[in-house]
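Here come two complexes built around chain A, the first alongside chain B, the second alongside chain C.
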Partner chain A sequence: MQAEVEETLKRIQSHKGVMGTMVVNAEGIPIRTTLDNSTTVQYAGLLHQLTMKAKSTVRDIDPQNDLTFLRIRSKKHEIMVAPDKEYLLIVIQNPCE
Partner chain B sequence: MIRSTGPQPKKSISFISTIKGTQTKGYSGANQSRMALSKTLTIAPEIKAEKMSISTPRTVIQVIDAHGVDVTPRPLYHPDPHTGTAKPNKLLTSREGSFAAEFISSYSLYQNTLNPSMLGHFTRSVLGSSIVSKSSVSTTESIAEDLEEPSYKREKLTSFTDLRVVRATPGKIVTKEDLEKTIEIILTETETLRFFNLPTVMVSVESEEAMKVRRRNKNYETLCRNRLGNDLYAERMMQTINGAPKNKDVQCDKIVKEDKGIMSTAWDLHDSYIAMELSSLPAKQSILDSCGKANVPSKDREQRVPGSTTEKDSEASSLMDIENVILTKVRDDEVDHSETILKSDKFHQDLFFMERVLMENIFQPKLAAYRQLPILKEPEPEKPEDFQEGEKLEKTEEEGQKEEEEEIEISTGQSTIPANLERLWSFSCDLTKGLNVSSLAWNRTNPDLLAVGYGHFGFREQKRGLACCWSIKNPMWPERIYQSPYGVTAVDFSIGAPNLLAVGYHNGTIAIYNVQSNSNVPVLDSSESPQKHLGPVWQLQWIEQDRGTTGDDKREILVSISADGRISKWVIRKGLDCHDLMRLKRTTSSSSKKGGEKEKKGEALISRQAPGMCFAFHPKDTNIYLAGTEEGHIHKCSCSYNEQYLETYRGHKGPVYKIAWNPFCHDVFLSCSADWGVIIWQQENPKPFLSFYPTTYVVYDVAWSPKSAYIFAAANESRVEIWHLHISTLDPLIVHVANPGIKFTTVLFAKQTDCLLVGDSDGQVGVYELRNMPAALDSGRGDVIDILIGSKSKQPG
Partner chain C sequence: MATRAQPGPFRPAGSAGAEALATGGAASAGGPGRPGPLQDETLGVASVPSQWRGVQGIRRETMVDTGMSWRLLKNMDVWLPAVLATLKSCQTASIATAEASVQTRKHADAEVQTEVPAPVGARTVAQHDSPRLAAFLRRVEAMVIRELNKNWQSHAFDGFEVNWTEQQPTVTCLHTLGYPPAQGQGLHVTSVSWNTTGSVVACAYGRLDDGDWSTLKSFVCAWNLDRRGLNPQQPSAVVEVPSAVMCLAFHPTQPSHVAGGLYSGEVLVWDVSHPEDPLLWRTGLTDDTHTDPVYQVLWLPEPRHSHRFQVLSVATDGKVLLWQGGGAGQLQLTEGFALVVQQLPRNTKLKKPPRGETEVGATAVAFSGFDPSLFVLGTEGGFPLKCSLAAEEAALTRMPSSVPLRAPARFTFSPHGGPIYSVSCSPFHRNLFLSAGTDGHIHLYSMLQAQPLASLQLSHKYLFAVRWSPVRPLVFAAASGEGDVQLFDLRKSSQKPTVSIKQTQDDSPVYCLEFNRQQTQLLAAGDAKGTVKVWQLSTEFTEQGPREAEDLEQLAAEVAT
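For the complex of A and B:
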């Protein structure tokens, strides 16, 4: 199970166009990351707030609903966030290449 | 109405018959009690009675309301009786009996004491003479009214309702003329106010009591005389002792206040309710905890970091120290925690989704083409165009759609662009590299799930085998990988239980895997079965058979054909149970009188059984099936007979690798063989109907298109051909040539879309889209092909 997780994570990291993969815990401390620490912490902090807001929005509309995935498409790349109570899985991909 | 004498200063109250007392609101409260006790008395609410009671000295004035409750108001303010005399007032003397309309209250408003609540009041004497006296300040509460005067005629007071007080607002601008005006001040004496009246009682001398009274009087006189110096009367003074006061101060501990704010959102309330419901079941202690926790704002780090609860109580200055201490502790916890995160199921699932999302991003155009959706055009990454691209994106989408529409129009109209196979993507990964794709099968319920078996055909090339489940959503890595030491030669998904995958191996074993789990161990295995196949299992299929005779519902059986010449039926009942449906016996080509099971004498055959290569069940009648052998014969068999063939179709010279019934026209089937040929047969005709020998390569696989009765695909070693019978029976419609060194080994049509899957000998399964196929007459109706066959039947096959 652990090996499979590692394998999947490695595969994701090696995909075409993936610029960075980060797993941070709820306090913003990176658990696994392919980017440097300062970038990771910055992403973690900003995305954590955004995820909270998005989650709050979704749940305000229907309290039995919950946020499962968040994608932000920007000019340069796409940020994909899989939020959870205990961690954040963030992948930055440049899909054009 | 009596007017005041003398000029009236502005400040004084003027008498107006109809008074609108806007400022008499202050009375209303006070007057209510008056109303309450008045018995049918309607008194002008503005009128106030002075507290001072003029009436019967005997009784203290009491105000009792209708319920008998004593509501005697007590004065809050004791007016100075002297101040009231300054003002001129109206002294109204009303004659007896002429109360009506003459009874006017007097109002006085004092400059000095601008008591808004006070306007005036009137007093009435009990004795019938109503005297209105100027009153000084009256209190709002002083409403003692001697309504109990029996002599009072209440009806007369109705006139008071007309009287209202006009509050002369103190908005006075004192002008110089005002100051110099001569004001007449009239001093009058108030009437006598009697506080106590003890009338003398006179007793007649001749009454019976006279004696007593006299005696009493006498006693009294003597008493008064003896008063001085009498012991009975002593003057004494007392002083109460006041205890020494002592001041005592108490100071409590500093009350620590904490501000807590929370944004009350709908989901927070929902969570709290759910938490309370859940926790009401277990012990009560936990209720308090969860309630407390539920109310804590979402960012509750205290739960996770045990040491940080002390942070709240600590002073700000020492916060840093404590934090440092805590952080060191925390880091140890964190390490463990991060591992648990990585191992958690949720994380695994999130990774799974993330991978799929990535795939979607990478393969979006291809997947969209597969699913026949409009393709999103990515904005160009060049910088100067970036600004425009954002606006253009929508336009390009529309344009893209228009272009596709145009293409379709063109294709249907003129078909100037020839039909072609466009390669979308291919399922391949490192694991599958170098292996030969031997079989493909779609899942019956999930159209996105594909099973691919990897294994070599030839005996000498045997390597390890692999059975993978691929999903369209992730073309880069299979969802399930089942490894085995033997090459996989056949795969098929079950119909009734779509999570079961049957895999046939080169060593004759059949294994059934449950694709819901990832484990490499099959659920069922036929390797221990005594009736397992001895040769490679070339084809597997799950068939739903009608057990009409026994009255059961459709039962699913697994049918396999293998090189040991047996067609077996496997049933899952505590393991795999095998029954032979048919044993393929060798037939010699010359003997064709019967179905051909008897060998000629004198022919010494090594094995009486012919290896079976493929089979195909009739789409409508699941009792009938066709079996292809290595000899090149195709036998039509029935499940009811396991000894005889119903019919034998001879036409191929080499092993028949694949048989396929036409999905629309149930009399026609297709077969391909190692003799480079593809033959179309008609069910009744044992001779080939139509045969194709396009190349000099072995044709490994053929398949009918699910959309049209005319189209079929054939894969031979070097190329994939798409034939369209309606257009031409001599040449294929589309030819796709393989890269050198790669052989195409399997084909499979995708059901809902116009796509074709082609497996090759390098372990890749390519997904091709059939583009620009001629749309006309592609209805695929069975009757149309009958017409075709009818027309072609004139020509010999």
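For the complex of A and C:
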């Protein structure tokens, strides 16, 4: 079980352009990360809040709908969030153009 | 005992009597045994503390109207029981009080400090549920990988840029500052510096052309640009200096301390917030002082106390000295380096120096932001030197010094065609630095090789200053002897400047320039006419493009193998 988790995270992390990967639980506490502490804590807190906001936005517009994926594109890189009931998977990728 | 006597028939106790009682009761509940003041009108002539056993333990003062007392006492057996019944029924609840004192008997000291939360993940937190985590990852992995792939190949955002700030299309001159007495003497602005808050710009007056300027009186002027009612011809602080000032540097954390190097070789530190007595420290003219003009001063953090700073000075006598502010306003020499021709690293073939000259004059210095002990020196011979503060080897010099002088040079770079006037290390890449010299060329060097990565001719006259932009990795500015400030954007063109700002009308040289690190759109430049112009740069020079850091990386990697 443990090995499977590590393998999956390693696969994602070794993908082209990925700068960092982290898994955050439902309270916004990081439980796995490949980045340093302060960056992880910052990303986890902020993205957890943003994901909750995005989810409630989607549900408010259409109660039958729900959030499946969140992507934030910035000047320097792209942040991808895969949400779930208990966890969030956050991947930061630097796409090459 | 009589309550307040009312003239006329005894009123039912329900109304006024009860209120009076209640007030009396409440008022005197201030504490056991303490009578409260009666708020209603008092009739009393005499006040007699009641000795009657008070109802439910509260003593009350009662007022007796002496005029009525005879009649009352006569009929006491009629009204007394009624009064007593009233008292019992409308008495306020007893207020129990007790005294207690509190004192800690034991105490312990403890210090509290927030700590960065303990590292988590990849690093596991014990209480999470591994099978559920694995199931979650299994669910999302495919989707995430698909998105990562799509992103990698996507051209959807090519060339897509968002403007969040108001676009400033051109470069404009915000302020033209000057000090008329200095300009009247024909003094040049030899150096400008912004202070740590970015709101004060100071300039040093002196002369940079040939001649003996040792007895020239000069000035250091500072303008506070954030102050309302800024008069460009009247600096907010002026310091008179007995000798021409060649260079200036504001303290990295103290907004009003500024260090300056003089033509006489002295180094002085002033506090511009005290105009009557600004001089804080000076080196004086001792054996340790430079014997030639000091061309650049810098503030460096002390090795062990990083909140305190020392002054580093370089001069054409070949010495690089570190000073510490000591007692009695004296700058003490803490460390020193001397450049001697025989000790220069021989990785580059240099022209043989004229006979008898052993010192290598240093004219410019820049520290790398990535390695605090590494610095680059620009020399009179035109070759930059990579030096280290940690060098151990003693310098073969006969110059007297209270502190042993060491030879700092580690690597010699390929020279310019003339003396170097300015060097600048890139704040974004550890290996890149620029140097500008009298041959009118800018060389972009990598620390890893002696030959420059690029050599750009900017001017047919001298180049006096070059500085990397603190926000755009690919942008730098150069001050030319033809009177203009040239801004280069290596992303747009590596051959010609993106913007060329004409500072002086009669082509007299621009001697110095500095970017403002706090307000990154400001650039100050000082010229030979004694004016300092503060330029506001267009937005393209202040906002980082999407791939700049990578492009810089690529540029640095063009090191010949």
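One rule holds in what follows: the second predicted complex is superposed on the first by the 90 of 97 C-alpha atoms of A that agree within 3 Å, B and C clash if a C-alpha of one lies under 4 Å from a C-alpha of the other, contacts with A are read in each partner's own complex, and residues count from 1 in each chain.
The working rule: a contact is a pair of C-beta atoms (placed from the backbone, for glycine too) under 8 Å apart; a residue touches a chain by one contact, two chains touch by 3 or more.
These figures come from a predicted structure and were not determined experimentally.
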item	value
Touched partner set for A:34, first chain B, second chain C, both or neither	second
Contacts of A:26 with chain B and chain C, given as first, second, both or neither	first
First, second, both or neither for A:63, with chain B first and chain C second	first
Contacts of A:45 with chain B and chain C, given as first, second, both or neither	neither
Partner chain in contact with A:82 - chain B first, chain C second, else both or neither	both
Partner chain(s) touched by A:18 [first = chain B, second = chain C, both, neither]	both
Contacts of A:71 with chain B and chain C, given as first, second, both or neither	both
Touching both chain B and chain C, residues of chain A	1-2, 4-5, 8-9, 11-12, 15-18, 23, 25, 29, 31-32, 68-69, 71, 75-76, 78, 80, 82, 84, 86-87, 89, 91, 93, 95-96
Chain C partner contacts - residues on chain A that touch it in the complex	1-2, 4-5, 8-9, 11-12, 15-18, 22-23, 25, 29-34, 37-38, 40-41, 68-69, 71, 73, 75-76, 78, 80, 82, 84, 86-87, 89, 91, 93, 95-97
Complex contacts: residues of chain B adjacent to chain A	265-267, 269-271, 298, 301, 304, 334, 337-338, 341-344, 346-348, 350-355, 357-358, 361-362, 364, 378-381, 386, 389-390, 476-477, 518
In the complex, chain A residues that touch chain B	1-2, 4-5, 8-9, 11-12, 15-18, 23, 25-27, 29, 31-32, 52, 56, 59-60, 63-64, 68-69, 71, 75-76, 78, 80, 82, 84, 86-87, 89, 91, 93, 95-96
Residue numbers on chain C that touch chain A, as the complex places them	116-117, 119-125, 128, 130-134, 136-141, 143-145, 147-149, 151-152, 154-155, 157-158, 161, 544-547
